[in-house]
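Taking it in order: structure first as structure tokens, then the write-up.
Should a chain be cited, it is by its letter among A, B, C and D, assigned in written order, with residues numbered from 1 in that chain.
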Amino acid sequence: MSILERFEKVDRRIIFLLTLLAVVIPLLLPIGFKIKVSEPVQKFYEAVEALPPGSKVLVSSEYDPSTMPEVYPMNQALARHCFKKDIKIIGMGLWPQGIPLNQASMEQAAEEYGKEYGVDYVNLGYKAGGIVVISAAAENMPNTFPLDYAGRPIEEFEIMKGIRNFDNIDLIISLSAGDPGVRHWVMIAQGRYGKKVAGGVTAVSAPAFYPYLDAGQLQGLLGGMKGAAEYETILGASGTASRGMDAQSIAHGLIIFFILFANFFYLLGKRKKR
Amino acid sequence: MILMLMVGINVEAFDTPNESSKILSSSELPAPPTEVLVKDKPNDAGGSIIVTWGKSADDVEENELVKEYRVFRSGALDGEFELIGTANKGFEKFVDGTTIDGTQYYYMVKASDGVVHSQSAVSEAVSSSAQWFHTDRISMLVATAIICFLILWFIGKAKKGEELYIRPIAGLEAVDDAVGRATEMGKPIMYIPGIADMDDIQTIASVIILGRVARKAAQYETPLLVPCCRSIVMSAAQETVKEAYISAGRSDAYDADKIMYLTDDQFGYAAGVDGMMLREKPGAIFYMGCFYAESLILAETGHSTGAIQIAGTAMPSQLPFFITACDYTLIGEELFAASAYLSREPLLLGSLKGQDMGKAIIIAILIGGVIMVSLGFTKIIALLATG
Amino acid sequence: MKKEIPLLITFIAGMVMILQFFIPHRPFSDLQQLFNTWFLIITVFAMILGLGNLFKVHTKRLQRRPKGWWYSIVLLAGFAVMFTVGMVWGPARGTPFDYLFWNVHIPMSSMMFALLAFFVASASYRAFRARTPEATLLLVSAILVMIGRVPLGNYIWDKLPLIGDWIMSYPNMAGQRAIMIGIALGIVSTSLRIILGIERTYLSGK
Amino acid sequence: MIETLGIWIAALLTLCILSFLYKDNPFYKFAEHLFVGVSAAYWAVYYYFNILYPNLIQPLFGRGQLLLIIPLALGIMMIMRLFPKVGWVSRWPLAFIVGSYSGYNLITYLQSNAVDQVRATLVPFIQIESWKNLFTNPGVMTFLNAIAIPVVVVGVTTGVIYFFFSKEHKGVFGGFARTGVWFLMIAFGASFGYTVMARISLLIGRVYFLLHDWLGLIQ
């Protein structure tokens, strides 16, 4: 086997090992690359920033622990952004495992900004049914969510006073790692009820949301850990997403190198054959 | 009806004229909201009334005279008005979702800074009702009617025996080869119907394609493994494969245990299928249906076993992975065309032709619409609103 | 009868769901939610079939003892423990069920998902070769977007991230939109064939 | 103590799954079978507490919502498959599910994937602002922005043409279809490139867990 062929058919375990090293080493020895903010993230930031103090934002968590590295930092940054601006958060989720994560991010930010549960934020918990829950909540929030995530009646909470349906919500943000998720919020809350919807999604699904962003169906979009890191950057706070960005860059660079390297030898091999 | 234009000013806590006049003299009282208009919320199941008003003149950034608007309702013009909700400053609309259809209501809005309020005139009488047709959805009704008509029209034509040309689709041409190759190598075939349940049309399409593949597998007497992520999909797959074996005259070879349920969990399923691929060493692997992140986990593992891989999905986000890791990939609509293509039944082929006509109309609207919009006729955009 | 009734049910259920989109009036406005609840309930019953199948396959392995049969014990034991703990103490936070979920289920689930980092690397090394003009386009657009996403791209040429974004927002969006439109027609046609009973293999038979 | 034990179990199982990359081995087989068993039980318990109990048992037997007898009957018909003689009744619930979701998806996809997308593409072909920009400030980005809308219109149109099944892709029509394929390829490449990062993020999450929570090597 010639050297060229050997490079073409390299044991994939070597690739696996190099990828692992590209993540482990920068995590142990951080470098500190700069982060540039992209337009969808800027739009997302502005959508929240434009709300007057006292506005109510619905934050729905549609992710689970497996996508935590990407979406959880968004959830944390969003909660901080809202509380910093005195915007109230109504949490909920269409994925059961997203509820504790949403709650944790709100609690953490509430502590930093001295916000109180029931007054400045509330978590309505999980409801099965995806798209149907969105329609039901759009029509009647108290009926759809009579209790909060811990089983307390929502009438007890000041923040829920005067909230009947989506007409009383100023912005809807879905942080989602799949379906049901942003797509359905756009279809129902935006499509059928004309609400402003913004989203945070995993990087993999982000491209599929560009048409919605372009059509104005989405106000802004955070895509993956990078989107979260950019959002953290605009807010001027370094979080877990920013911390992972070094490893991210190195591993990413490695994959680009793989592709260029493989093509270099492929094209070289093709020329030789001629 | 007569619009009542009396503008009253009062403070909730002080109802006697005396006290009220005290407040009147205070300079802190905000200007009242103007022009309270009410109407039944259109296109709903009833129970909602939309209240709109003009902002108080004091509802401005710089001052705090208006903090919120309070919306009141009464069953009678001179009856008691009760608070039904609030809207933040800067807003001019409130939807009351607690009305009883057919009952008359009167509304009134107060601008408030939390302590003192000034109230608007009382609105006209209004009652809510439910509608039988959603008027914002006419364009959708037309679109649905046209496309369904086209499909049915061409199915009808096909029924009469008209010959229809269908272009080759590489991924589907390869189905026979893949089954054949697995047979030659004496290896089983694996068919993965995705991770969605039967509520997803992709899964239904997948089960239909499974029927066609199973018939070929039965003819070639090659074992067919179908690991499922959903119980209902497993049931439907068993039913379909059994029927395929019967119609191929090989009902004796049908083994229900080869169509098995693993777990509803996305990655638990991926772990199980990956293990199965390495141990069963299939000669051909089909991925048809709705896939999420597990697509590449499965397809890369499948590739490492050396199997021929044919994928098909309508999940735009997963298509790139199948394209890079599989030998053939059905892109979006091609997945739905597979059943017609593999069966060659005229009725199904006719519907493909109908779909094509639908696309032709869409292209015509696209080109015509862009030209019109470029020339300034933007009305077409509103015509396509879907409610 | 065995086939006509299911076809009739399919037709009625399908037509009702189409109509409910256009009719805001009750009962149509509530049907979607109602049907969804029904579907979920049927799903749970069906799970008895799925689990029954899982047990059957693995108890058979215990009887026949093929190579690696003892892994079936691991599977059945894992199920038994998780199921018992869940039914006895419930799924709330702080229960043993919750503990097993976070320390057994989640780590495996997350790692399985994270394997994708490696597979993306191996797939791109192997498959992104400039073999044909189409493959070259795939390659070039992937590289441009990838480079645009890391700080490295900014160092090479400050326009690279912008070009990456441009590809995402326009040509990519156009391609995605074309796929979406195609899918819509495919789904309309397939659904229509199912509702009208033209496509009925899923009910077994032609 | 119990917390530490949990981290150790989690870390070892993580490594078992990771070992799959080397080759199929007893550690992976152990984890795989455990995973399938545990996750199947997880969802069974989950469905009971989140669907069956609150949506059927409680409202039907607790509050007497008799309408729920219908899904109960359909559910029971589903499991009749276990008895070959009456197995055919399981087609009824299947027909109900397939029928209602066919109807629902027909409308939903037509709306959000077709009509809404077509409407969003109706933008003036020539954006005067961006062409002005190009002439006053010629450069790569001003050029790309000027041609952006034409690119979208051409891309969507030719992309849809690629999906034509009943016409041979030959001649001018074939040229359009081929252009459509190019757009699809660019879209796939872009999505792939965009995704790479996400996948690395997940690995970072796991490595972070091992290095931070388990080994305590990073703060």
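The rule we apply is simple: a contact is a pair of C-beta atoms (placed from the backbone, for glycine too) under 8 Å apart; a residue touches a chain by one contact, two chains touch by 3 or more.
For clarity, every value in this text was computed on a predicted model and none was experimentally measured.
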Q | Between A-B and A-D, the pair with more C-beta contacts | A | A-D
Q: By CA centroids, point me to the most central chain in this structure.
A: D
(Q) Averaging over Cα atoms per chain, report the distance between chain B and chain C in Å. (A) 15
Q. When the C-alpha atoms of chain A and chain B are each averaged to a single point, how far apart are the two points in Å?
A. 21
(Q) As a quick test, compute the distance in whole Å between the mean CA positions of chain C and chain D. (A) 5
Q. For chain B, which residues are shared contacts with two or more other chains?
A. 44-45, 140, 144, 147, 199, 201, 204, 232, 235-236, 239, 262-265, 267-268, 271, 279, 293, 316-317, 319, 321, 323-324, 331-334, 337, 352, 355, 359, 362, 386
Q.
If I count partner chains per residue in chain D, which residues reach a count of at least 2?
A. 17, 20-21, 29, 31-32, 35-40, 42-43, 46, 51, 55, 78, 81, 91, 94, 97-98, 101-102, 105-107, 109-111, 114, 116-121, 153, 156-157, 160, 163, 184, 187-192, 194-197, 199-200, 202-203, 205
Q | chain C residues counted as touching two or more neighbouring chains | A | 18, 21, 32, 37, 39-40, 42-43, 46-51, 54, 68, 102, 105-106, 108-110, 112-113, 115-120, 122, 124, 126, 128, 138-139, 142-143, 146, 149-150, 168-169, 172-173, 176-177, 179-183, 185, 187-188, 190-192, 194, 202-204
(Q) For the complex, give me every residue of chain D touching chain C. (A) 2, 6-7, 9-11, 13-14, 16-18, 20-21, 29-49, 51-52, 55-56, 67-68, 70-72, 74-76, 78-79, 81-82, 88, 91-107, 109-110, 113-114, 117-118, 120-121, 140-141, 144-145, 148, 151-160, 162-163, 180-197, 199-200, 202-203, 205-206, 209
**Q.** Residues of chain B that touch chain D when the two form their complex
**A.** 139-140, 143-144, 147, 164-167, 169, 198-201, 204, 232, 235-236, 239, 262-265, 267-269, 271-272, 274-275, 278-279, 316-317, 319-321, 323-324, 331-334, 337, 352-353, 355-356, 359, 362-363, 365-367, 369-374, 380-381, 384-386
Q) In their shared complex, at which residues does chain B touch chain A? A) 44-45, 85-90, 93-98, 267, 292-293, 304, 316-317, 386-387
Q.
Can you tell me which positions in chain C touch chain A when the two form their complex?
A. 32-33, 36-37, 40, 93, 102, 106, 109-110, 113, 117-118, 120-122, 124-126, 128-130, 139, 142-143, 146-147, 149-152, 154, 161, 165, 168-169, 172-173, 176-177, 180
Q) Tell me, which parts of chain A touch chain C in their complex? A) 10, 12, 15-16, 18-20, 23, 33-36, 38-39, 65-68, 100, 128-132, 135-136, 207-208, 210-211, 213-214, 226, 248-249, 251-256, 258-263, 266-267
